[in-house]
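Dumping the structure here so I can ask a few things about it.
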């Protein structure tokens, strides 16, 4: 029997698995979030509100092995919103099976179905493994990003 | 009498000046927007809605000479939102007087007052004049951006 | 018996293997060179002249599987020369065995033995597989390169 | 009478001016060189040897106001050499008069006259003033640079 990746929306019962996957993702970026952020974020993801992040879960054989967090938000240059894919993670144990690609495609398809024509994301310039995939499914922007938080 | 830059929120009576400034900005990026986008965007900017772009106008001697369009949106890694500064423009005739810097500082101060601790923006890698200013007031991110719209 | 990578200087009898490896490398960069360049380059590599490229060959079990072309040249900011590693290639069939790393280390060791303290090279920004190795053994420069040939 | 930029080879009598200009250039890169490097470099620049850097001086009204140090060296992919423009400097007091551009054009013309078809150089990614000029006269390479000196 062939192994298949299934992509589906986050549900209430995913809480422990979701937390585990997201924590592994945050570790990759060498960051952590507070307990309050875990609680607030999970509630927001399940809220079905227009202005909250949504979450898709990737499953293999019924086991959650990846996630994507994405947000629709206004875009000044068009009437339609744009979609920001902020977090994308696949369990290292199932890398190379197309889970990341399936999640990106599912986010983009979901956005288009919701009237949001384009999806964008950021990644570190030296995230070579990620970029090998991203170069295949998307276009690198000529832009750089500046951040101000002081 | 000294010339002074004043930063203030967009108002209904700015429509023609706003359109003129934004059009000049879009020309810099070699793009145009439809009549529908001008109308929809102006209405959204004035709506005072949480999930719409806001606009600050820079004036010198009572004349609008610059604008900033910015959006607060959810951020997965914190309870607080983040602020995306999408469009920033200063009339070429008044460059070098600190209008761009004043607009960035005003956007960031407004965001902080509204509980949004950080502001970010994108610019083309080769927008050297802009980056001379951005390097002084913000930090370049190590990230690249991917876009998917097919 | 364990498989071992041996690094040694190019010799006259390597001509066919060298041509084969270098051609595969040039294909990676989607370029070709003329018959004259093959002939001239091979003669120069064997000339032992100070101002010509040198070549190291990597062997596994006696079979040539990789090459490095490097040049010592003057450097304005020091009395010592610097070393430019122009071409580096490993047969795809033996990737992951440390051949590329062994060649870089051997070039750098050879240069240092010859009084040349530093080695540098270029690679395409999106040569992710190469950069995974380079990030481990060297430092990325903050510089960009401009070319003028018209 | 119009002011004119003249480009000419370095000569023995330029020693003090050359040292002054080069020191200012090195300061821009926040570096210094030893007395030995000044002496050795000046002698090499005047040696007319094939494998030494050459130097062009820019003059305005008889005063040295800029310099270029360039080297011809072997290039594996062609029979002809390539030209590396390592140092390029214009006195800040005469910026905007086309001195940098005139030096680049003169280096490239000199190289072509000597059978060297292309010239390349490096600059820091954030050297915006330089890059405004370079983008006009040359093509940015898609390559990054790695350095190994430990």
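Think of it as A, B, C and D in the order they're written, each chain with its own count starting at 1.
In this section, a contact is a pair of C-beta atoms (placed from the backbone, for glycine too) under 8 Å apart; a residue touches a chain by one contact, two chains touch by 3 or more.
Because the structure is a prediction, the values reported are computed rather than measured.
Shared contact partners of chain A and chain B, listed by label: none present.
Over half of the residue numbers at the interface between copies chain B and chain D are found on both sides, making the touching surfaces mostly the same.
In terms of the distance between Cα centroids, chain D is separated most widely from A. The distance from the centre of chain B to the centre of chain D, with each centre set as the mean of the Cα atoms, comes to 40 Å. Chain centres here are Cα averages; for chain B and chain C they lie 48 Å apart.
With touch defined as above, residues shared between interfaces to two or more other chains in chain A number as follows: 126, 131. Every pair of chains that touch is listed here: A-B, A-C, B-D, C-D. Within the complex, the chain D residues that touch chain C are 26, 31, 33, 36-37, 40-41, 44, 50-53, 69, 71, 73-79, 84, 86-87, 104, 108, 117-126, 131, 134, 137-149. For chain A in complex with chain C, the residues that touch the partner chain are 126, 128-129, 131-132, 135.
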